[in-house]
């Protein structure tokens, strides 16, 4: 059922308004906080108000502005879009609270919060994009509005990272633009309302080219190896940025784009048809994802910087989702989609912890974190929960996604994927557990074990995310939880 | 080496251009498309439609009057361009190379110029006013007018030249060309006709021809005076030298 | 109203022309008056242009016979869909004159103020006259008015290098004008007429001879110089970078577009698609040159430190986009070229607005600080937030990041290139835009994210007379991108009629 | 076309060929001469060549100047008046360009003391 509604437009607009207000009166700390938090909550409420409808399969549509015959700026909230929109708007509230604490005393806070709001706005717009064209527009806007956040420190290192980020993502964006134009030329539409708009009549060759361009383009943000180079260097950004953008919004935008392309532009049946004609592009994507999972984990092992390790872990975890998408079975996609939210919460916990530790002790490297668990027990407890989630131990959320991914892999008759997932769990354990061990079971270097917990603005977000990680694992099958939404999304793909 | 390449490239261009022109109909033929398409009407009807015995003048002022308006503007533009680059002369600040020259001006030159200057100007006026009947017209007359200014100034020096052709009149006269066109052209708009139409049916039939002549005359005089002044002003701007 | 509006195409030219002729006289009364006069004249012309445009979209193209002679005999002024560019010219003209009031105090001697306004009006007059005329020789006359005033506007300051840049421009410009004049002369001898529409008709009647082809080559070469295509772009960087900033905005935004309009007139009005002269080899060649132009312009811009030099090189690059767009045509299937044509034409509009914004912002920075090197302009973003904000918007726009206006042409030209299977053109375009973004991000970095070399004191926001045009144009960059259907509604009939399709043509429909 | 035909055409359209030759000579002068005055003289040669071409193209064998009046019999053949009208405009334009070029040269000479393009390049 399609409902024309203004709410899909309202959600991104609120953050844009918030950004404008902050630009206008952002010098005042209190006004800035009020703007940020109230916009975050308002947006969350708006997105939430659409959730019951989405769960019933309702699709909300706002047609904004015509662009050319056949293409318009279109916002369309289907289950997948709702899913991603919900994730980003929820995490925005949490991260805003965290950022207010974290950015205390930092420079250029006005700019920071304004662009922060702008990024979230584009992310939600991207989630609600109703066609490839709108998706691309928001995708590019996301790139541009993230740049000031990446280089927030304005150090030479940050500038270099920013440049690298732009080079990678804009090149990717160009490829997407090219591919979008090709799709429009072939199909005369770019809308997401069908499970696949291209047809085999276009010729296998051109389809492969389009697919490759899309994967290279979105693969940059999804950090599929070897396109991941920007992600670790972008970790110079302040922690809330790394947390929300580089673990959630930006990278997930890439993954989200891949999902859209695979299921709404190509469609399962076309990809299977292509595979039968010798162009098994989905398998190529699957292999790329599997290689990234393993290599990413291995590289994470070698990192000493806390945030760097998390970054490589992100690279590895993102490919879970890509793997799920590329397997082309309902269960695997469901596992992949639900991992968007699971990974987001788990990874954001970890980043929050990293930020809290850095703010409290100015320690960036893992090798310095002896006994940090004595000083900051609650913080480290949440970290521990998140690492269990990363490993996929029941009853955490990570287990749910791995379970469905494995089911899907078996259904697709690709047992190798299951092996890779298990291997990854093992590697996750190798690189996360030593941190936990070091934090709790080793004596601090200075011998000082008095408790010195982080400020509540740090703690509360950590705890909420950690609780979610457990909660989703325990109550996965209850109504109103992500799994149900992802199931609806999957039924829309496999119509 | 570089020179050789240039010459070779230009040679190729030459061959191309020559090939283009020898493909044209033979020169002097009366069967060319150029002579048979638009021209016959001009040759047959110009005198009646355009009101000038000199067909070239008729084309310039009537059929292609808008071109000429642009052309007059080009002259005006040239003056403004020169002034923008070099600046206007100032009687207090500037003198000229003529005055700084150590060569004495001979009496013969001075006397001849003094005697001839009025006649040159008279001749210029004749050319301007007689453009409709014989070879000549505003541009040609204007050039002669300008030449008279130049000759006079070169002989008698800058200061005197500027006194004879004072800046405050020149500023107004320089714009005479475009303005006279505008005045003659815009009259037609009030009769509901197109711009630059001189034959005005909205006035008494008996006067139509007279008005047309009058309007054309305004233009010719405007072009002539304007062109002459512009040439003079350009000369002044180029000739000036800062006083010590 | 209808009766009156049909005079507008001529009136808007005449207004500027007479206004220019009167400016020196007006300024004799009061020095200050010349600004107000120029403002008044340009506004009046803008009003006439709006009337003409209104009539164009309600009644169809206006054909105005000067002196009342029917076309092959007299001069025809034709306000068709391509002529809508005059709307942009006069509109931008108003803003730039408004901007000039304060700015020229900085670079120009006080006794040259009235000359400056006269030249700007003449430049506008030349462009407007050029764009609406339907007669080949008239085209040449107005081309000369605009070229001459353009040369002089560069040399109006007292700088040494300006006179050199201007001379270089003059020599190349004069050669190109002559080659256009030679082309006109050759074509006149082939067809016996000077009216464009009649010329097109006559070209179809006779069997094609070599002369027509050579004339075409002369035209294309001539207009390429005016448009600063590779390899005849060498005059542009110096000229555009050294001119006073409002003049740079005019030159980069509008004057080089005149070359493009000329090309469109020659190729698609006079020679025509589907006629008996197949000029596709020429457009193909132009397409390749355009691809090279894009890359060369972007590449050289990379090494500049002077902020206006960067903009000048990026103009070269952007001309490449436009030419690429208009050269993507098919001789026998006109509708195939539609998308590329729309892309090229829309960028004429958008680039004019974006580049004017950039140059005016640069002008405001130079006016306030006196610096023009990026390394000296560091940290200005905090002192002049509005100017620098506008600069950023325009930079993003020129890099073609959606939803700003620079993106639209990218989309259409890529579609057009795909239509012809020329993916390498699309690739060149994309690489070009990436390079463009790389150096514009350098500017944004410098003004916002880098610490100034020495603490900036005594620099505050530019005066209102500069800010208003800048802000309006920057808003234009955004609005024309988001509401792209507005400019597209204007451009689509233009593109369709250029290709000989009905003005309501919709691809695939 | 056979060589004889080409030769015939060359002689018939001799003026045109000369005009085009002048065009190239002018262009060569502009490109190869470093002196600015010579460059702009080359420009003038080019201009003249185009005028020559246009005026020649208006000629008609046995044609008279296109002036009607007393003493001109009705059947007289006139030459083509349009090229004359065009060239009048052309000359004015050429004059204007020349004026501006000279002004620029004067200014350059005042400022830099040289008119050699190669030397001017070094002054910066």
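General observations
Just so it is clear, A, B, C and D label the chains in written order, and each chain counts residues from 1 on its own.
FYI, contacts are C-beta pairs under 8 Å (C-beta built on N, C-alpha and C of every residue); 3 or more make two chains touch, one makes a residue touch a chain.
Note that this is a predicted model, so its numbers are computed, not measured.
Nearest to the global CA centroid, when each chain is reduced to the mean of its CA atoms, is chain C. Annotation: 29 Å between the Cα-based centres of subunit C and subunit D.
One simple way to say how far apart two chains are is to compare their mean CA positions; for subunit A and subunit C this gives 43 Å. For this pair, subunit B with subunit D, the centres built from the Cα atoms lie 18 Å apart. Subunit B and subunit C have Cα centroids separated by 30 Å. Along subunit B, residues 17, 20-21, 23-24, 32, 34-35, 38-39, 42, 64, 67, 70-71, 74, 77-78, 81-82, 85 each make contact with two or more other chains. With touch defined as above, residues shared between interfaces to two or more other chains in subunit D number as follows: 23, 27, 53, 57, 82-83, 89, 93, 96-97, 100, 104, 107. The multi-chain contact residues of subunit A, meaning those touching 2 or more other chains, do not exist; every residue touches at most one other chain.
Here the chains touching each other pair up as A-C, B-C, B-D, C-D. Put simply, subunit C touches subunit B in their complex at residues 3, 7, 10-11, 14, 17-18, 20-22, 24-25, 28, 64-69, 72-75, 77, 109, 111-112, 115-116, 118-119, 122, 125, 129, 135, 137-138, 141-142, 144-145, 148-149, 151-153, 155-156, 163, 166, 186, 188-194, 202, 206, 209-211, 213-215, 217. Of all the residues in subunit D, the ones that touch subunit B in their complex are 6, 9-10, 12-17, 19-21, 23-24, 27-28, 31-32, 53, 56-61, 63, 65-69, 77-78, 80-85, 88-89, 92-93, 95-97, 99-100, 102-104, 106-107.
Against subunit C, in their complex, subunit A makes its touches with residues 65-70, 73, 136-137, 140-141, 143-144, 147-148, 151, 154, 159, 163, 166-167, 170-171, 174, 177-178, 181-182, 184-185, 188. Interface of subunit B with subunit C (complex): residues 16-17, 19-21, 23-25, 32-39, 41-42, 62-67, 69-71, 73-74, 76-78, 80-85, 87-88, 168, 171-172, 174-175, 177-179, 182, 185-186, 189, 192-199. Residue ranges on subunit B touching subunit D, taken from their complex, read 3, 6-7, 10-11, 13-14, 17-18, 20-24, 26-30, 32, 34-35, 38-39, 42-43, 46-47, 53-56, 59-60, 64, 67-68, 70-71, 74-75, 77-79, 81-82, 85-86, 133-135, 139, 234, 237-238.
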